[in-house]
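Common to both upcoming complexes is subunit A, partnered first by subunit B, then by subunit C.
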Partner chain A sequence: MGANTVLKTRNNQVVLQLIISGVVIVAMIVFGVIMLLAQGGVIELSAAAFYQMLTIHGTGMIGAAALAGSAVMWYFLDHYVNLSKKIFNTNLICFLIGVVMVIIGVFSFEYASGWTFLYPLPALSAGAWGTVGALLYLGGMLLIGVGFLLLFIDTGRAIIQKYGSLGKGLGWDVIAGKKSELDAPPAAVVASTMVTIVNISALTAGATVLVMNIINVVNPAITFDPLLAKNLTYAFGHIFANSTIYMAVVAVYEILSRATNRPWKSNKPFLIAWTSSTILTMIVYPHHLLMDSVMPKWILVMGQVLSYANGLPVLIITAYGALMIVYKSGIKWEMPSALMFLSMFGWTSGAIPAIVDATIVVNHVMHNTKWVPGHFHLYMGLGVVAMVFGFMYYLAKNDSSIQTNGMDRFAFVVYLLSMLGVSGSFLVSGAISTPRRFATHIPEWMGPAQFGAYSGILVALALSIFIIHFVRYLVVRRKALPTTGRAQQGMI
Partner chain B sequence: MKQMIGGGILFLLLGIPFTIVFLESMMVIHMLVQIPLLILAGWLMGAGVLQKFPRFFANWNGNGVSGILLVSIILMYWMLPRAMDEALLGGWIELFKFISLPVAGLFIRDSWTKLKTNGKSFVFLNFLSMFGLMGWLYMDAPIQLCNNYLELEQKALGWGFLAITLAMILYLLQNVFMDHSGREHEPL
Partner chain C sequence: MIQFIAWVVSLFCMLAIAFVFVFVALKSGQRENYEPIVKKWYKVRKVYGISLVVLIAIVSVYTLRNLPYNQPVYGKGIEPIVVGVEAFQFGFDISQREFNVGDSVEFDVTTADVTHGFGIYDEDMNLIAQTQAMPEYTNTVYITFTKPGTYQILCLEYCGLAHHIMVDQLVVKE
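Our next item is the complex of A and B:
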């Protein structure tokens, strides 16, 4: 198992992707704060500017989470299977070019459909933006998607090469009793297999709708069935956004098992949980369509019932595993392990409001209120983001001798409380029926928005302190490690 | 050699005016029978061409990427409703069809063996989403896309594309979940 492998990495690109993601996250928070200040009536912001910021915030956050998550996953997976560095590199290049296109489309050409680019909005903006903005945005997203598609094709190829098939990567032969639990694929491989499967599906669906939108933007006379478009769009959006946590969670397994010097066991319950979540993640997206009365009833009922269970198998097995692995382990709490533990808390507490909202009766009230951002800011802001920064602390600790100090611990507490503040303010807004994605609020809705804005500023500060620690590591690293290469990476 | 002759015969058969009229009389057959058969003819004839000019193909299509790029462009062009429409008018466009598609077949033959697993998978997934989109386009378009074919025929073609997409998905699923361990070749 991974626990006794020594990981000394000099992978420059992993580090590069992390620092880019970290900085992007903080930058996007600034837009988040501005949006909340505007909603809270503190500052004036034109509706157009608000929606541009909403678009860039959503796109940027999901993109940064995916970029960082894939770096985490790649870093650990690369120790078990033979991945292609060239493809990893190509993905980053596609990502950066795509991001530039998206930014130009949004800010220079005022494209503002939200990150979900729901058909037929890209082409029907009522004059808010033109063809060029839409094409830049959609084209940029397509390019980012192409990069990630290549990345997951490569992880799939490597897993099949080593383990025989994607089913075996998920440990199906162990589940079936044909192989002993001792020979089960490591947790990192199981998680990566799941992500490979769901994201290849998501990205092919995403490419189809993106090109469809592009055709429609170029020639609005050619129209498509909006309901099918919505299905494909949310299949893509739901799966891709969710996958960020399944990529980043690899860090939880690897880091906690090293911190406690115990292996993270891929036993049968663990494997069954991951297989269940693979299937559930792909079929629960209809919970985004609960208001579409034209959808067949049974699909919506399925969407609701299964949403209760969506992330739960993996969440429960991971949270339980995390508790068990530290229990009586004599673990010394440091930033990496503390952030990993915190992420379990954030993920779990983020799942609860989601489950509440996935109930059709509740959804009729809560749908499109700020309750929804409330739940995903919890599990992304306190789940994925905690995993990513925890991994950054882990790298710094593992590869260098720089120490964390009181500032880092202080930032940890501030981050925890203020991120709870941001998410909590969204949930409160939702509970008092504030609609989401409204540029302006009536006075009754302003209080929570203001509170969220001030909490958001603190989140940005705390994360900046995390980043400073990572930059200190980068500086040391530059001096200490002049050369790179596969052989020197401590590959096993 | 046998393949080359077979391809040549197929190509000639496809070129008979009677076959042309017949195969182009219906949209589905035009798109999903005539065009693939032209590609097949090129693929078969390719056997000889590749043997004759190995140097040329090694120089220009060493890793298969440029070849498959050319193939994609040709096929994308022929998926446009407008291209089919113009071919029906006969003349240059029709001639272009009879040249470009066999060339695509030739390059498929040359490139597919040269591409690595990742490249093949990428091409495969691209065509998968492209065919899915085409199915959707032809089934859903509220307007008649071609001057020469009716909307009803468009729908039939859409179903055809959808069937191909589903077949590709099934193939993909069995491929990635089938056990490849102990085999020499790489998975798709």
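Our next item is the complex of A and C:
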């Protein structure tokens, strides 16, 4: 009984984080649709409202993806190492308090720096927002960051405790031939080790630049080097946003492997790919600074080349592995496996526009156009989001007896097509030089924005159907758990 | 032109990926022993992986030959027109706004307050060059005007509530 209670409680928080994330994602889509409708000339929106929505949309989407991704990672990693539930709890509390601070800062104090809060914009708003709004937003972000930092310090602690070091968590002893592939750490541990390393780095950079901004807001006489601040901002933003897919991909390994009844082995190429991803994810962020000629030229050239190389692990190992494990497997497609398979398509296809844009000569005419959101709406909208909702369906299937129905399958098709519509509209906008983060558009740029808005409405509807299934599961689970202990099955 | 190439290349690659995923999904109903599949497709992966690495190397070398950070006219012994630009919330101070076709111009761009963008759009509203305007630093962008007309300057880095109306113009005469 005691063990059951502990497992149930742990599972409860995973479930709670997932439902919060799901609802936040849909709410953020609503803001996204409103912004696209305004850009498309369909509705009128004040510039202040537009940029507040822009700020909350970016912050909310990254926050929700990270909260859900960390829940997925924690759920599977907890099978292999001894994680601290208190830290897991602390992170959620920090997240929730931080979110409240961010929301109050944005909507009550009209703070609108965008989620990148590029120094010194938080302090120099041209009269649009004041110190309180900036401090609430930056303080909220700092609190959220500290929560995640604690979480990843704990995952690192647990991995080191079990495997000896983070290097061994990445399987370096197997790569070096000191240990057999049969004794390699499981995929969930390898991925979690990578995420632990990159996110501790990212969050440290993020906390540093947030504190710099806070000091500058409190006392504008204290200034910092803007180029250093910009590097820290993108080191944080790129890595942290990127890491959400590496957290959630753990579910792909576990779910596709079980659905096909085929092993997803941690062999040497797999381990080398993850070590490569660890290094590359941390050092490719200069592709966000390609239009800053004051950066050392060699760093910018490396920004291009390493961004190309960063596509290799997923293209050659992860996505290829997903294709191989499914190929002629006789798999019986269900919502979890279908969404996981789709997520690998979203990840790989979404990486393509990013790789193209990392080319310096291309970036020269596409940086900060809507091409960039085209990339990450595909990458995150059809990658991370598919993984998260696929995991929700997986939990529902494992933990309860509820069945998916025609509506779920219908929603899957709608989600796929409409998310392609949203991403495609951004890519087309980018190709015709439409700037991103513009409250209004000239008539030539409005068509794709309208198409994106209507597609976004369909995405919100499809994801709402996914959420309804998850809520049905929550209701069943609430009634069934005390007597059947089904939650425990989901944990094993 | 570059945008068109980027679009076509991206679309081609994404469609190729979609084709592979659909093909595998269609074949997933059949059941075969996994070991032979692994053996065969690991071999294919080796070729595929090496091909991708070679492709990356070739594309890198090709696209890194002429970087926008270098002004080609200096190598030809021609001095460009140097134009100072200072961005501010929400406009641009530009030391010269009129040019002639064939003029090679070096824009030295900085800002008086927050980070801005300096994007040059042609008459068809195609983005043809850009750089960032950063406090305390001067970024440089080079352009040789080949067509007459009125070019728009747009801020391409979010800088506050009037970001989208931070617009200026350059005129290029015959």
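Just so we're on the same page, the second predicted complex is superposed on the first by the 469 of 492 C-alpha atoms of A that agree within 3 Å, B and C clash if a C-alpha of one lies under 4 Å from a C-alpha of the other, contacts with A are read in each partner's own complex, and residues count from 1 in each chain.
Please note the rule applied: a contact is a pair of C-beta atoms (placed from the backbone, for glycine too) under 8 Å apart; a residue touches a chain by one contact, two chains touch by 3 or more.
Given the structure is predicted, the values throughout are model-derived calculations rather than measurements.
When both complexes are superposed on subunit A, subunit B and subunit C sit side by side without a clash.
Once the two complexes are laid over each other on the shared chain, residue contacts for A:Ile316 go to subunit C alone; subunit B is not touched. Between subunit B and subunit C, the partner in contact with more residues of subunit A is C. In the superposition on chain A, no contact is made by A:Met247 with either subunit B or subunit C.
Computed from Cα centres after superposition, the angle at subunit A between subunit B and subunit C reads 100 degrees (steps of 10). When both complexes are overlaid on chain A, the residue A:Ile215 reaches subunit B alone and has no touch with subunit C. In the superposed model, A:Ile144 makes contact with neither subunit B nor subunit C.
Once the two complexes are overlaid on the shared chain, A:Asp225 sits against subunit B and subunit C alike. In the superposed model, A:Ala134 makes contact with neither subunit B nor subunit C. By the document's definition of touching, of the two partners only subunit B reaches A:Ile153; subunit C does not. In the superposition on chain A, A:Gly167 makes contact with subunit B only, not with subunit C.
Superposition on the common chain A brings subunit B within a closest Cα-Cα distance of 11 Å of subunit C.
Overlaid on A, the two complexes show subunit B and subunit C touching the same residues of subunit A, namely 225. Taken in their complex, subunit A has these residues touching subunit B: 84, 87, 149-150, 153-154, 156-157, 160-161, 163-168, 200, 204-205, 207-208, 211-212, 215, 221-225, 228.
Remark: subunit C residues 2-4, 6-7, 9-10, 13-14, 17-18, 20-21, 24-25, 27-32, 34, 37-38, 41, 45, 48-49, 52-53, 56, 59-60, 63-64, 66-69, 89-90, 113-115, 117, 119, 121, 125-132, 134-141, 154, 156-164 touch subunit A in the complex. Subunit A makes touch with subunit C in their complex at residues 47-48, 51, 54, 112-114, 116, 118-121, 124-126, 128, 225-227, 230, 262, 289, 291-294, 297, 300-301, 304-305, 308-309, 312, 315-316, 320, 323-324, 326-331, 333, 341, 344-345, 348-349, 352-353, 356-357, 359-362, 364-369, 371, 427-428, 430-433, 435, 437-440, 442, 444.
By the touch criterion given at the top, residues 117-118, 121-122, 125-126, 128-130, 132-133, 136-137, 140-143, 145, 176-182, 186-187 of subunit B touch subunit A in their complex.
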